[in-house]
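The next part holds the structures, each set out as structure tokens.
The same subunit A turns up in both complexes below, where it pairs with subunit B and then with subunit C.
Up next, the complex of A and B:
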């Protein structure tokens, strides 16, 4: 296969020679393995190498200079924000909060990030990453308003890869609602490769929402490694429809007792869009609960993949783990692949999983049509009903209404 | 209003309706009775435009051939089917469904669609008439509703859409006596000289509450006997066997 990428550490400015050498080693590891393909169990259903080779001529890395970008703020609900351009922090606003309770800085590359040593994209990130942020919430501080991360990408990203790292720390007894928002309609192909480490300390709660407002030709991969202390809560809502390719790879480590984690996803994919959710929930401690509900609606030649693993260590008694994936397949050429996995070494646990895929219920369509509702509208109602259910557990309010509207927009088309 | 001539219907190679004739005029209430498997529900499905049936013969509705109309167009032109088994639709809020339905019909008629507030006021009134708790309207459509609640919801939809021809398919099945009375009152209060009803039922019971002008007996895909309301009562005593 023809080489379709060319990455150079030299393009990154201001590196110490030690840093340069480390990065070179990481790049060597990547170059040896290349982009993942189906031989890799974590990419069982997807040959990323092939997909990229068919869509890119020569992917390169660049050193991005900081530019200001005019922000188009979400008006539907009051919020704090961080704005990133090509992964670099360009502005932030915490006007609803006590300033000294929140620390936000550029990501400090002297810190060691935790990543998967079998993951070649992680190595690529560790070789090339430049941007990203570190966000830390003080002990006993619960943010008054949600925090939106505006992810902007410039038009000059054609055939370029963006790599960055984020670190998010919630100290004891703190609370944060985070919304990862992409509102770009870039037609050129580009890649974004992110590693994020999340630490949720005792009695703290993080809600992490991914929502997109447009379609763009980005190929996104995000690896999230989260570590939860006692009595903490980590919720994820993945509504990332609209990207050409997206894989969200979440690791949840229950390191102490009585914590909870949930992952809800609702995706409506069409054309040849491709989205994957990979989860690994490590129940390393007793009395923790994990819940996953993944829903995909697939049209045209789109593809949805869910690889969900629940691991229960021998001491993690009273674990309560649940996972369900459901797909509605609207066209013969669309595809859904699911690989649910349970690996359990404790004997007093409650674990269940299920996966279904099928077509839309034509009797339900008929019922709606007998009420004068046009067929197209009837399909939309059923799709919407199917997906919206993933929002059931979210508290009522402006944010939820905003998400419902955005989901409807994703279903109705842009 | 409705003229059915020599209607035949086949599904999955099963020939179900075998030359059915029926005429309904505005203001009339017709009942179709018949044993299981005689084709009652098939008739309802075919009239509603359900796909999957191969049909022959003519169905004229207000001078227009129904064959050319889609299900939603039939509904927009005033044909309403109350289902024997109303479908549960998860994730679809009942109120939003009802408003979408009403506005689709209004839009097709070229009338002004209702805004949320006007709609809520209207639906509140209609629900109260049928003794439907408002809370039902904010629930998912028919999900977890009892048999009686589902049927009341069908009648609510009928009263909301104000159809010209209402087809009630086994609306009495699964109803207790109180729910039956409410459903029948709903129908009787909506009945006028402009609209018509086709009541499909297995038993006479519903006809004690909704008085039909004509009773037809359907057997083996054809109407084999037509009479007045007395025919229903006679059937209740003697059963279908003696007639067929």
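Up next, the complex of A and C:
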């Protein structure tokens, strides 16, 4: 297979020679392994190498000049924001919050974090990452309004890869609602490879929402590593439909007792979109709860993948872990693959999973038709009901209404 | 509790060896060994060529290493690939002529051939080490046109059938252990059921590993022609040994139009001692092809023995409306490890599959269900139901579930569910209250947990299997 990528450390400016060498080593590891393919257990159902080689001629890394892009803010609810352009922090606004409670900086690349040593995309990120942010919430501070991260990408990204890292720290007894928002309709192919490191300290709570407003030809991979202390809560809502390729790889480490984590996903995919959710929930401490509900609706030639793993260490008694993945396959060329995995070493636990995939219930369609609802509408109604269930646990309010509307927009087509 | 009593019951009941003089092939894996095996079995040239082809393929294959239970590297050059009771070179014509020591062994195993012949109505093709020693009930089967003999005999007498089907389900180049088996297999069973025939009795074979340092390489081929039915039982026990023994068998099933094959296994090989020393490595490739329309293959297994069990009895559902089933109980205790499950590959339209797997883990054991359900684009209106439940006893053992689920079309439905729990304390308490001691209570509850699978076993096996479930878990609670 011909080489379809060419990455150079030299393109990154202002590096110390030590840093340069380290990055070179990481790049060497990546070049040796290349992009992951099906031989990699974590990519069992997806040959990323093949997908990229078919869609890119030559992916390169670049050093971007920062230009302020005009922000189109969400009007439906009041919020704070951070704006990123090609992964770099360009502006922020915390006008709803008290001063000195929130610290936001460019990501400090001197802090080395050890990630998954088998993941070649992480090595690529380690080699090429620039930009990104560090966000820290002070002790005992609960944000008044949600925080939206606007992810912008410039048109000049054709055949380019963007790599960056984020760090999010919630100190004791703090709370944050985070919304990752992509509103781009770029037709050119580009790639984004992100590593996010999340630390949730005692009694803190983070909800992390992914939602898109439009379709774009980006290929996204995001690796999220989270570490949870006692009594903390980490919620994820993944509604990232619309991207050409997207894989969200979440690692949750329950390091102390009585923590909770949940992952809800509702995806409506069509054309040849490909979305993959990979989770690894490490129950390292007793009395923790994890809950996962993944729902996919697949039309045309789209493909949905769910690879979830629950790991329960032998001391993590009284663990309660559940994973459910369900898919509606609407077209003969669509595909759903799942690998819900349990690895359990403690006996006093409640762990289970379920996975179903199949077509839409024709009896329900028939019923709706007898009530005078056109077939097309009936389908939409059922899909809507199927997906919107994932929002049940979210508190009522403007944010929830906003998400319901966006989800409806995804179902009805842009 | 009377610890001594417990110790006695816990020890491997079938741990004894018979002193029979062996004919052995030279040690090591090479062309000469293969030629030796082929020669001693008086095989035709095409068979030798087939074996050598497999051996050449084996040279480029790598031993797989993705499995969960790891084991020390096997030195394939340090094994004997053929060993046969000497008396077999001059084959006896009736049961009376059989080496009395061998008959004694079977007696201890609870399968006296004579008695079984009269009482059970089962035709037994007993495999002692690698050669079929005796085959019974042949007359009755011959009348119906059923062929039930050792695979060596089939190669001599029915080469057209063997040539047509051998390696058609598990190809020569499949994977390391299957290819190894193709190169060096010594014996096994062959069954052919002619069209529109229902086999009048349960066919059964007992495998037994006897000579030390002998990897057993069994090869079984069962063909059910159009409209036929057969139920086949396989049961295993092995003598107590300290060194690890490799067992890499291949089982191929072919079901043509409207045919049905039911294959049941009770596996109770030496699992190693309480410290995890010794025991059999059971690396078996079992695969069935539902080639014809409306055909059905059903696998039932009760796996209680072996140090490492590593097998995935699978169904390839090629024919339209074909059905595949897999019922499994895997019990691991002490340092036993199991990595087992199934593959259901749906290719034909309206195909159905059902998987019920029960894993029980105690002591320091590791029990894993690994399975694949793959519904192809063309397998319209197909359906799968999977249920795998695990039971954990204590926090030193592990239970794992790794299902791979692929759905490629819009008209098929897949349902999968799995749970992992421990024995319900309320249930235990209730049983204790009614006067059952801890072990009886556990045995009762576990038997209930396994019932769905035990029900699938033929009568003769079900009783034995139920006892086995209880014996395997003795000493694991308390």
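Keep in mind that, in the parts below, the second predicted complex is superposed on the first by the 413 of 414 C-alpha atoms of A that agree within 3 Å, B and C clash if a C-alpha of one lies under 4 Å from a C-alpha of the other, contacts with A are read in each partner's own complex, and residues count from 1 in each chain.
FYI, a contact is a pair of C-beta atoms (placed from the backbone, for glycine too) under 8 Å apart; a residue touches a chain by one contact, two chains touch by 3 or more.
Every value quoted in this text rests on a predicted model; they were computed, and no experiment measured them.
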Fit-or-clash call for subunit B and subunit C when the two complexes are aligned on subunit A: fit
Comparing the two partners subunit B and subunit C, which touches a greater set of residues in subunit A: C
Which superposed partner A:409 touches (first subunit B, second subunit C, both, neither): neither
Partner chain(s) touched by A:377 [first = subunit B, second = subunit C, both, neither]: first
Partner chain(s) touched by A:367 [first = subunit B, second = subunit C, both, neither]: first
Partner chain in contact with A:335 - subunit B first, subunit C second, else both or neither: second
Computed vertex angle (subunit A) for partners subunit B and subunit C, CA, steps of 10°: 80
First, second, both or neither for A:175, with subunit B first and subunit C second: neither
Subunit B versus subunit C as contact partner of A:25, first or second or both or neither: neither
Contacts of A:385 with subunit B and subunit C, given as first, second, both or neither: first
Nearest Cα pair across subunit B and subunit C, whole Å: 15
Subunit B contact footprint on subunit A (complex, rising order): 361-364, 366-375, 377-378, 381-382, 384-389
Of subunit C, residues touching subunit A in the complex: 66, 377, 390, 392-422
Footprint of subunit C on subunit A - complex, ascending: 41, 44-45, 314-315, 317, 327, 329-359
Touch list for subunit B against partner subunit A, complex: 48-51, 70-72, 74-76, 80-81, 83, 86-87, 89-92, 97, 100-102, 104-105, 108, 140, 157, 161
